[in-house]
């Protein structure tokens, strides 16, 4: 049941990985349990450190919006994305056009090759 | 050469249908072009089954002993026509709904879903 | 005349029966209709499982529609099969099983998900019709019948994508899909016509036995490959897919994932079983690999910048289809070279087929979790979501499993199939494996973004009152999670019982042909 | 879970330091940075600058506390774990210097949080800061004894 999957170049053994995962998990949880718990609950000591300011109540103000996640990746590849988003015009005839061009390209080259 | 005249007709009609989709901006004309495409394929199927001098492939109508055209492509064409009917009806009702929501049936303006 | 012989026909008749009974059942109120939806898809799942076990036990099972005996494929004195023959080999039984599981999960999910909407009688009948079309594509052995089932599933999916008539984007998505898939179907019909014109036969196995590569066959192959690649969303023709998956109701999107797998099955059936060894030049295999690479990379690079959760997953579907095209394309490339086939070709096909199973499971689960979020919060834009993990623990748990599986993290099944594909495509050319790896990294990146913005982070006041989704949706998701965990914890068992026979059946063209032409009596 | 006493024996003399600039002219902050630079290198004495008060034993405060910084300084002080000491660096922190009784200040640091060590100079030389922090080490040792005694009384 718990056999190995041979991929011709090596093998993948799920049970070995899971065994390793539990050992690592055990060690991590032990390390975590060494933390100090003598802080006074309810006081400022268990509030998040917001560089001294009052932590805003509504989560809205301190969440990073999804559209700005990976903005560096997006800005770095700006020319690539301008081209890629340019292709996705969303016009129905363009979509059919790409399809017809692909089939035409395939047809021409298969008759040549 | 005259034998495959219908196939030239199919080729011309197919290209007309295909170009019709890209030449126009009006959705209804695009639906019409798709129907032309469908009918060109139907002609192609019927033309495939033709045997020179063949008659209608129905025994009691054509009588015995006469050469008959191939019945299978005609069966395929019947089904293809029925399917083209269903798809065209659906396309036109979608165009009607697009008109109701977008107020336009110009293909370049219907692109809220892009990128 | 025992039960098992009629399974290929049964697997089609039950959902079709469900489709036509649905309006009558919906007269009996909401519960009767939901009960029908769940029972029909459950029975289909049972029949699909029995069919798979039957095919695994005693080889290819075929069913002659309208013959005097169910296995009379070659009536006495006829050189070629005349009637429509349903041919189920291990590969199509495997695909039917995947499709049936996903259809059952989608049905379970839609019971609660759609209870706020009217017109549910039509929804259930279209849902069952879509399941029929999908299973029909996987089971049939006749090209024209394959075209008919493509049309049935397409028309059913047009209706289902535009189910929410008052949402403009749903209508637009459905129209675009309708337009491009109608043009595609016409090309498939032309291909079926050319093959019929040349060989006077419509049965895939029969054509495969006599096929020799000429200009007409090359054109037919190109039309079939082009339109079936479009239907399963490979790169240049994929733009309808994110729109259609995002705008359809979630239970339907979950089934649409399996329907696109059916057209991938059709593509592979055409390439392996009809053309197979007759495919002289390796132009088409290389084109399938190029389509795979392109849709992998461009699909995921589009997905990273999306911020609508279902569109993001739609682009991931495009990139995951790229993996399957790569895996099966590499297999096709070395189909006739026995040594390379033994070396890495068969591993590539096993990887591709296993990825089909994994993809159908975790992608359907991802769409269900996205639907659960939409059901709970009513929002689809990631910018407005945050801190859902506190209120929706089960959905979060299942989303984590699905996201880990899709991005190929080690213990999960996505990793195993991707590993098979990486190693075999590396043997063909390192660049293939590099693109596959980069895509996997970008997939992980975009799902980390989704997980962090939607589930983690502080609680938002606007989302304060949401609560966990009702039970039926959770059970629907749990079915898929169980399948994923099963394939992750016991990969060798899954590979040897589920994937290996399917891959061998796909490669074994002569077996596929022999079943029909050999089985005279 | 480790007992409180055992925590306190771990590396008692190497303090983790966090700084808070409550309105200083940045002169003292530059001097603090100078003490971290390789020339005066406080690291060799085991003291390390950490970013958050969560990890810190000693809070170095510079500048007279302006009205804006009052409750922020108090909150940072409260957010530090228990045996903690405060070192006021620079005359402004110690006595408000030339800005004493200015309309905009809430007075020197000891009006807001209890200060243990005052380091005079405008700005104090890095050696003075190091000596100040060294005194803080003695102060922290006494605080640990009290905590231990309090710990034994409880148990």
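Note that the chains are named A, B, C and D in the order they appear, and that numbering of residues resets to 1 at the start of each chain.
Following the convention adopted for this analysis, a contact is a pair of C-beta atoms (placed from the backbone, for glycine too) under 8 Å apart; a residue touches a chain by one contact, two chains touch by 3 or more.
Keep in mind that what you see is a predicted model, and the values were worked out from it rather than measured.
Engineer: Centre to centre, using CA atoms, which chain is the farthest one from chain A?
Structural biologist: B
Engineer: Measuring centre to centre with CA averages, how many angstrom lie between chain A and chain B?
Structural biologist: 46
Engineer: Can you give the whole-Å distance between the Cα centres of chain B and chain D?
Structural biologist: 85
Engineer: So how far apart, in whole Å, are chain A and chain C when each is placed at the average of its C-alpha atoms?
Structural biologist: 24
Engineer: Approximately how many whole Å separate the CA-defined centres of chain A and chain D?
Structural biologist: Their C-alpha centroids are separated by 41 Å.
Engineer: Got the chain A residues that touch at least 2 other chains?
Structural biologist: In chain A, the residues touching two or more other chains are 85, 88, 90, 92, 96, 100.
Engineer: Scan chain B for residues touching two or more other chains and write them down.
Structural biologist: 18, 21, 27, 30, 110-113
Engineer: Return the residues of chain D touching two or more other chains; collapse runs of consecutive numbers into ranges.
Structural biologist: none
Engineer: Go ahead and list every pair of chains that touch.
Structural biologist: A-B, A-C, A-D, B-C
Engineer: In the complex formed with chain A, which residues of chain B make contact?
Structural biologist: Chain B residues touching chain A: 18, 21-22, 27, 30, 107-108, 110-115.
Engineer: Enumerate the contact residues on chain C facing chain B in the complex.
Structural biologist: Counting only chain C, the residues touching chain B are 144, 148, 151, 154-155, 158-159, 162, 165, 168-169, 171-176, 178-179, 182-183, 185-186, 189-190, 192-193, 196-197, 200, 202, 242-243, 246-247.
Engineer: What part of chain D is in contact with chain A in the complex they form?
Structural biologist: 1-2, 4, 7, 20, 52-54, 72-73, 75-76, 78-82
Engineer: What residues of chain A sit close enough to touch chain B in their complex?
Structural biologist: For chain A paired with chain B, touching residues are 85, 88-93, 96-97, 100.
Engineer: Would you tell me which residues of chain C are touching chain A in their complex?
Structural biologist: Of all residues in chain C, those touching chain A are 175-176, 179-180, 183-184, 187, 215, 218-219, 221-223, 225-227, 229-230, 236-237, 239-240, 243, 281, 283-284, 287, 298, 301-302, 304-305, 307, 343-344, 347, 351, 381-383, 385-387, 410-411, 415-416, 419-420, 423-424, 426-427, 445, 449-450, 452-454, 457-462, 488-493, 495-496.
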